[in-house]
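Pasting in a structure now, in structure tokens, and then I'll have a few things to ask.
Letters A, B, C and D mark the chains in the order given here, with residues in each chain numbered from 1 onward.
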Amino acid sequence: MAEPTALAGTLTDAGHELIQRVYFEDTDFSGRVYHARYLYFMERGRSDYMRLLGVHHQELAAEGLAFVVRRMAIDFVRAAAIDDLLTIRSRMLEIGGARLVLGQEVRRGGEVLVTADVTVALIGRSGRASRLPDEVREAFRPSPL
Amino acid sequence: MAEPTALAGTLTDAGHELIQRVYFEDTDFSGRVYHARYLYFMERGRSDYMRLLGVHHQELAAEGLAFVVRRMAIDFVRAAAIDDLLTIRSRMLEIGGARLVLGQEVRRGGEVLVTADVTVALIGRSGRASRLPDEVREAFRPSPL
Amino acid sequence: MAEPTALAGTLTDAGHELIQRVYFEDTDFSGRVYHARYLYFMERGRSDYMRLLGVHHQELAAEGLAFVVRRMAIDFVRAAAIDDLLTIRSRMLEIGGARLVLGQEVRRGGEVLVTADVTVALIGRSGRASRLPDEVREAFRPSPL
Amino acid sequence: MAEPTALAGTLTDAGHELIQRVYFEDTDFSGRVYHARYLYFMERGRSDYMRLLGVHHQELAAEGLAFVVRRMAIDFVRAAAIDDLLTIRSRMLEIGGARLVLGQEVRRGGEVLVTADVTVALIGRSGRASRLPDEVREAFRPSPL
């Protein structure tokens, strides 16, 4: 049985890497991956990055908090196809008081397929932005050299 | 601007009809609609059928109730393609104390593409089955001739 | 039965408008619409805008051509919820030799939920960009006052 | 980096097992996994089962062949939630001339969440059923004791 930990990808010096397969569901009739599906792959990467840093959606939800995407700038460079193995790379670009900016890439081996800058914020039950808990901010802070 | 009511389809003598378009998102690299997408179309049909009968997801949710699918038996007869207009037909087959059984069809003009028997139940916050409120049972009951 | 034409939205002075319902499938466990689903709504808007201008995916595909998204810059301002009716507004910002830039908005009544600038290109079987056929360029050109 | 092979699950005495994570995308506003998403998980299981037996979608497609789902009978017993790790078990129930019947389960640890009998057929470019190639039939045939 595959080791569950591997399913959450790996922490790297730069941030996080996750490998995901392209299945039927991800493709469209053009024969390639539907553009919006790359956002799903990138969200899986962000979730597993947080997971390995000890930040869990269910625990946040229990406190009435959830991460939401505020802004994305995405370049779709090359298309993936069925059966491809994709590597989703994520790294932290900015850690603000109430938001995080990540740089993400979807690669197939050495080829860059999609790049994105993604701004996420933490919101409370009211829908208003909430200050990032210190443990979240610390979790994402690069370790000193 | 399209009349919002039309977006929820129409009540018929037999039950309910909803017309939906096949978009890029619904297709896969085989060139046809991905099999699980027909379940999305059928769920839209059931939601709009209930909507026109006065049963709203948000109101149920406010009482801690939600409809869940318990069982489906589905025949995929013919495949739809991009740009097709599909008609989703829904009718009530059984109204039990805690569950409803619907018969649903996805058609393209005169052709039947998919047929399904769908059993749905109402569950409460605990995840346990909840008795259908009388107004829901009444809403679905065929009017006397 | 709903008039099929209404399903493709309407051409406006500014471009195109399409009304779509938020169903179960569009939401996630946060209770709101999953961020990537707005890209599906916007793609439906672009497809129907082209449809009403006489540009059809299946006809392009028969010539080995398909529109692909090259770039998106998206602001997620407010979140939609189950049962909401969304209006997707699309207008042409630039018509280049091989690409189109559209401005799109997802609104709920008077509220802007999401805005995006979307660059699409036409590609051939080789995956290379293809010059937009004159009829496509003409179709999108604003009529003179 | 996770071993790509692990991503395709493992062959077992009974058939195949694949572990998959529940992400945001799989849930709906009820807080649980959207019912049709289990069909995506089961399709991933079938695809990877075939992959490990040497049957590849892209190779089939190059010969104009594709597997399609003809019939499903599904019981939704318990619901999964965000962050859950699901095990998709697949085994061959029948190997016919032009169709396969698989038994599939989605489990969370020791709990059965969903069970399904799934009939798939191979179709050619015309959309007509095609006889299963001997190598496909052989691949799925249980090895003699």
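Just so we're on the same page, a residue touches a chain if its C-beta (ideal position, glycine included) is under 8 Å from a C-beta of that chain, and two chains touch if they have at least 3 such contacts.
On a predicted model such as this, the values are computed, not experimentally measured, just so you know.
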Worksheet entry | Most remote chain, CA-based centroid, reference being subunit A | B
Discussion item. Looking only at C-beta pairs that count as contacts, which pair of chains has more of them, C-D or B-D?
Written reply: B-D
Discussion item. So the centre of each chain is just the mean of its C-alpha atoms; given that, what is the distance between subunit B and subunit D in Å?
Written reply: 25
Worksheet item: Taking each chain's centre as the mean of its CA atoms, how far is subunit A from subunit D in angstrom?
Response: 26
Practice prompt. Using mean C-alpha positions as chain centres, tell me how far subunit C is from subunit D in Å, no decimals.
Written response: 33
Discussion item. Can you pull out the residues of subunit D that are in contact with at least two other chains?
Written reply: 24-25, 29-30, 32, 36, 40, 43, 57, 61, 81-82
Discussion item. Under the definition above, what is the set of subunit A residues touching subunit C in their complex?
Written reply: 29-30, 32, 35-37, 39-40, 43, 57, 61, 66, 68-76, 78-79, 127
Response to the item:
subunit C contacts subunit D in the complex at 24-25, 27-32, 34, 36, 81-82
Worksheet item: Along subunit B, where are the residues that touch subunit C in the complex?
Response: 1-4, 6-10, 17, 19-21, 23-25, 40, 43-44, 47-48, 51, 56-58, 61, 81-83, 85
